[in-house]
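Worksheet: one structure, shown below.
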Amino acid sequence: MLGVGVIGYGYWGPNLVRNFMMDAGTRVVAVCDRVEERLAEIRRLYPTVKTTTDARDLFRNSDIDAIAIATPVDTHFDLARDALRAGKHVLVEKPIASTSAQAEQLIEEAARRNLVLMVDHTFVFTGAVRKIQEVVAEESFGKLQYYDSSRVNLGLFQHDVNVLWDLAVHDLSIMDFVIPLSPVAVSATGLSHVPGQPANIAFMTLFFDGNVIAHINVNWLSPVKIRRTLVGGSRRMIVYDDLETSEKVKIYDKGITVTETPDDVRKLLISYRTGDLWSPKVSETEALRLEVAHFRECIEGKAKPVTPGECGLAIVRMLEAADKSMSRRGEAVEL
Amino acid sequence: MLGVGVIGYGYWGPNLVRNFMMDAGTRVVAVCDRVEERLAEIRRLYPTVKTTTDARDLFRNSDIDAIAIATPVDTHFDLARDALRAGKHVLVEKPIASTSAQAEQLIEEAARRNLVLMVDHTFVFTGAVRKIQEVVAEESFGKLQYYDSSRVNLGLFQHDVNVLWDLAVHDLSIMDFVIPLSPVAVSATGLSHVPGQPANIAFMTLFFDGNVIAHINVNWLSPVKIRRTLVGGSRRMIVYDDLETSEKVKIYDKGITVTETPDDVRKLLISYRTGDLWSPKVSETEALRLEVAHFRECIEGKAKPVTPGECGLAIVRMLEAADKSMSRRGEAVEL
Amino acid sequence: MLGVGVIGYGYWGPNLVRNFMMDAGTRVVAVCDRVEERLAEIRRLYPTVKTTTDARDLFRNSDIDAIAIATPVDTHFDLARDALRAGKHVLVEKPIASTSAQAEQLIEEAARRNLVLMVDHTFVFTGAVRKIQEVVAEESFGKLQYYDSSRVNLGLFQHDVNVLWDLAVHDLSIMDFVIPLSPVAVSATGLSHVPGQPANIAFMTLFFDGNVIAHINVNWLSPVKIRRTLVGGSRRMIVYDDLETSEKVKIYDKGITVTETPDDVRKLLISYRTGDLWSPKVSETEALRLEVAHFRECIEGKAKPVTPGECGLAIVRMLEAADKSMSRRGEAVEL
Amino acid sequence: MLGVGVIGYGYWGPNLVRNFMMDAGTRVVAVCDRVEERLAEIRRLYPTVKTTTDARDLFRNSDIDAIAIATPVDTHFDLARDALRAGKHVLVEKPIASTSAQAEQLIEEAARRNLVLMVDHTFVFTGAVRKIQEVVAEESFGKLQYYDSSRVNLGLFQHDVNVLWDLAVHDLSIMDFVIPLSPVAVSATGLSHVPGQPANIAFMTLFFDGNVIAHINVNWLSPVKIRRTLVGGSRRMIVYDDLETSEKVKIYDKGITVTETPDDVRKLLISYRTGDLWSPKVSETEALRLEVAHFRECIEGKAKPVTPGECGLAIVRMLEAADKSMSRRGEAVEL
């Protein structure tokens, strides 16, 4: 039975604790949070779990084999590094760290000690994203053309990161899993409406080789919640709406057909093809449940992380490039 | 009774003809199109209307006082200029011309002859856009923060213009009507998936003074049709969904409240306010019907054009800047 | 070229006129309506069409071969009978007549003169209903289990018929086309909220042999428009939403599996099967256009009516039974 | 601190346990279920809670003051009676019992011992239903006209009760709370598609004095989940869609205006009024959390049950009448 410590019991932490409680191969030994009321709630619900306001209590606890970190982004690096140095396997909330240099160091710290370092890109473990990955990989999808995502709502303003690091990170992690390509450049624009605070609305374009483009629209000031992604292929197109309770993934048999006109070789005829729509059944197992089990199996040596530290690093690099571009009003930054 | 000639009877032309037929103060004298079958259809439906494949027949027809032009963009300038030179008032499809230089010349031609030159920005005449304009102008809306629009579908590929000139032009005309500000710079990205053809997917950011930003997402290769605009204010937020049959405009009493923390002046507390939603009844009168009547009243000297040539010029300038930025992968272009 | 006369130019008449104008094998000779302004509108749009306020002008016009009737229900019988007696083929708006006795007489009048008598059950000519009929007929659909439809909106109150005769008649005509069964009994309930007026809200259950049931919910006092039908089969289930712009028909691979429990033969195990969703492309050709062409082909002897007078009669009988049941607060009435 | 025992840990029981755990004035002493694996799960999550397969262990436990029952309907009566006889306060899942005679006896048992007997009509504690009740009670709503609800999905077939007792019971409990009227008669129709099993599809009409009608459509064999209720008033109309994540309640300023025609006193003019739509913010507090607190306050003598046994009895009477009517194919049964 793997002993687990969880640091951070705010928005996401309770989900981590619950899933580590339910996994048959793990048990939650202790939880750390700075807010005493939250710890009282844990003791009420789970009387056998230890609580503390000092993360070091977890690092030095020999019953703890692995640490899950769900704290503000600017604390990720220190906590993950110290956990690794204490010999604990680490699952860290997205984004893995505040800078790519930090992410690189964490990867190195883990590798040196032969520890598992995984970043919590939860969406990668959903049935919907798994299905999209399959569909895009199939020959029937044709050539990938674009990836376009909106993730907006009236959201919790973060103080330590802008809206790209908070919301677009989800889209980047999904995109990174679904698309077998790496972006070559980024253009981003955005704005903060609160003086002195990070940007709360942002738009990001990623350029790929081979006529592929991606776009991400994120906003903490939207009156409505939108979670919609279009993935365009030359023969199939996907709409992924995460707010749909069923039918999250829809696959359209649509596209264009380009033919040369017989009388004028310079002019192309572009016609439309509209076929059926298909919405495959996708697994509804809670993503975090699968992820927790996967993390355990990686520690047990039975699996290789689907979202290793390198994965988190790649995305932090895209976010850094986006920040740079945003400060230059959209000027493309090479990756 | 004002005599009207219509050039172009493809997608939009039939709507122009029908509305000029129904307006009590205008009558359709003649219609010009290059396709003989379309002319046959007109003669069948409206036996009193003359048909021709030569636009010059309309220019020299003294029964015709005004000409409406609904042809491909790259023919707008020649046709509008010749119509004005023949002393006819002109209503020209959006965008008004292929370049700002052409638009400027049309404005000058019309002014010199004291003729009405109007651009057909139809959405400006819808009940929904009129209502949005009112709401944004009210003090209760607070300070304008952003304008964010998506206009995507599996669309008719244009050969002479890219997707910005075909679709974003609608958003720009609505934005121009609703927002009492002029953009100062544009960043755009996009791509063509058909070699040698204009971009079929594009993303455009407009920067305004005073912490206002606008964004437009257009795509001819989307499997689904989306027509959704968010307009954010500091005290109210609007969602405009043109595909809703009723409730096209929804106004949310939502926002954030920024306060200084008592103990740390550098740290701001941002809290959320969520109130009721209100969807005002909007006029359902066909926009083109109102526009046709307005065009007539302008010719009769009873009104000033809501969408004069200058309006069309302003938007062509934004589109030109976007094209320039797109060719530089998002680098901002000043306006 | 078949000469057509249209009686009634209110809500539906303009669609009839337009489609008879566009059909290459028919021409509209004359239109009759009691309201002079409507006739003026016709003369304006279609200067070659004669107009009159006296239906007899159409009956005695030898250029007219067929008459389409789109007037209030209580005038259907007299107009259709007189048209048939004048030797005209007849297409009559739904419901075909106010009583089954009248419908029977019309069928007889047409048969005696070898004239086409067709009832305008427009939905039967839509791509959606055609597709549903195909799917239900396929073996993969399994055994039909139920048909459940809602058709509500803030609607035009009729003075001569209740909401069943106005709205449920659509559902009955679709059901009659899609389901290869005849109901054996009807139970209906409903109410009028305006004293002295026909019921404006009603609910109707139809019983069939073989464990099949149908239900129709109609309402003129609903704040929202709903047009949704569920058709349940033992292996497939259909949702038909006529307000969807695309994807009107969705087919679900869902159902239950009933097995006997090994230890207790009296107890059945009912488990669920949830598979993919499939939305087939359906023809978007205007239904009335196909219907008008079909009516012409029936007159030309090239086809047999899909919706003959007998079809209209069957539905009037269901409506009469429903009225009877409604007056007895739901007591079943045999058919 | 009130000691609570929970009987039944299937679908609903875990919610009861969780909420009694979280309420500051109650604690869960013991849980009873027949399935040993469920009890193991409880011990895992809540190590301090006792578990048993024998309900009598709860009745005789003096640390337990109140018992919550979430078991199959046909066990409600025996368990609730025994709990009351053991001097425990009782919260019992809906419907309160299998027959009105049983419900009456439970009410009497509770009254005799001065114990709280409450039925778990959870929806009555939702922000949405509370808001609807307020709106209907306001003068601006006008006169109540109808209540029409659909509650369908591919559902868990019950063996001991039909779909009315499983699903319509929710609608009846909401209706009973929202409408200040008692039905005078019931007509119901329905069918079972599995031989020997209770009806899985049913339609129920309730007649009230004063021209008010209610209708409920329930179905365990629907491919889609629908939870929609229309409440019509003469001046306002409500749409309540429980599947909406926000905007569950929409209030329409719509209606009809009935006037006498000046020239013909027998003919009424009915015209339409369409105004704005308003969606009030409703509380999102978990209903069961409020209900658990309310139950506790009733036991503490600080409140009177909103959903006392009498409330459960009234609804069981409606369900019994519906069963009787259904067996007679819709014949109305007086209440």
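Chains: A, B, C and D, in written order; residue numbering restarts at 1 for each.
Quick note on the criterion: contacts are C-beta pairs under 8 Å (C-beta built on N, C-alpha and C of every residue); 3 or more make two chains touch, one makes a residue touch a chain.
Owing to the predicted nature of the structure, the values given are computational and were not obtained by experimental measurement.
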item: Given chain A and chain D, the chains that contact each of them; value: B, C
item: Selected pair, greater C-beta contact count between A-C and A-B; value: A-B
item: Inter-centroid spacing, chain B versus chain A (mean Cα positions, whole Å); value: 38
item: Distance between chain centroids, defined by C-alpha means - chain B, chain C (Å); value: 40
item: Geometric centre distance via CA averages, chain C-chain A, whole Å; value: 51
item: Chain C, residues touching no fewer than two other chains; value: 224, 274
item: Chain C-touching residues of chain A, taken from the complex the two chains share; value: 246-247, 274-281
item: Partner chain D, residues of chain C touching it in the complex; value: 145-146, 148, 150, 152, 154, 157, 159, 185, 187, 189-194, 196-197, 201, 203, 205, 207, 211, 213, 215, 217, 219, 221-224, 230, 232, 234, 237-239, 250, 252, 254-256, 258, 267-268, 270, 272, 274, 325, 328-332
item: Residue numbers on chain A that touch chain D, as the complex places them; value: 21-22, 44-48, 224-225, 243, 245-246
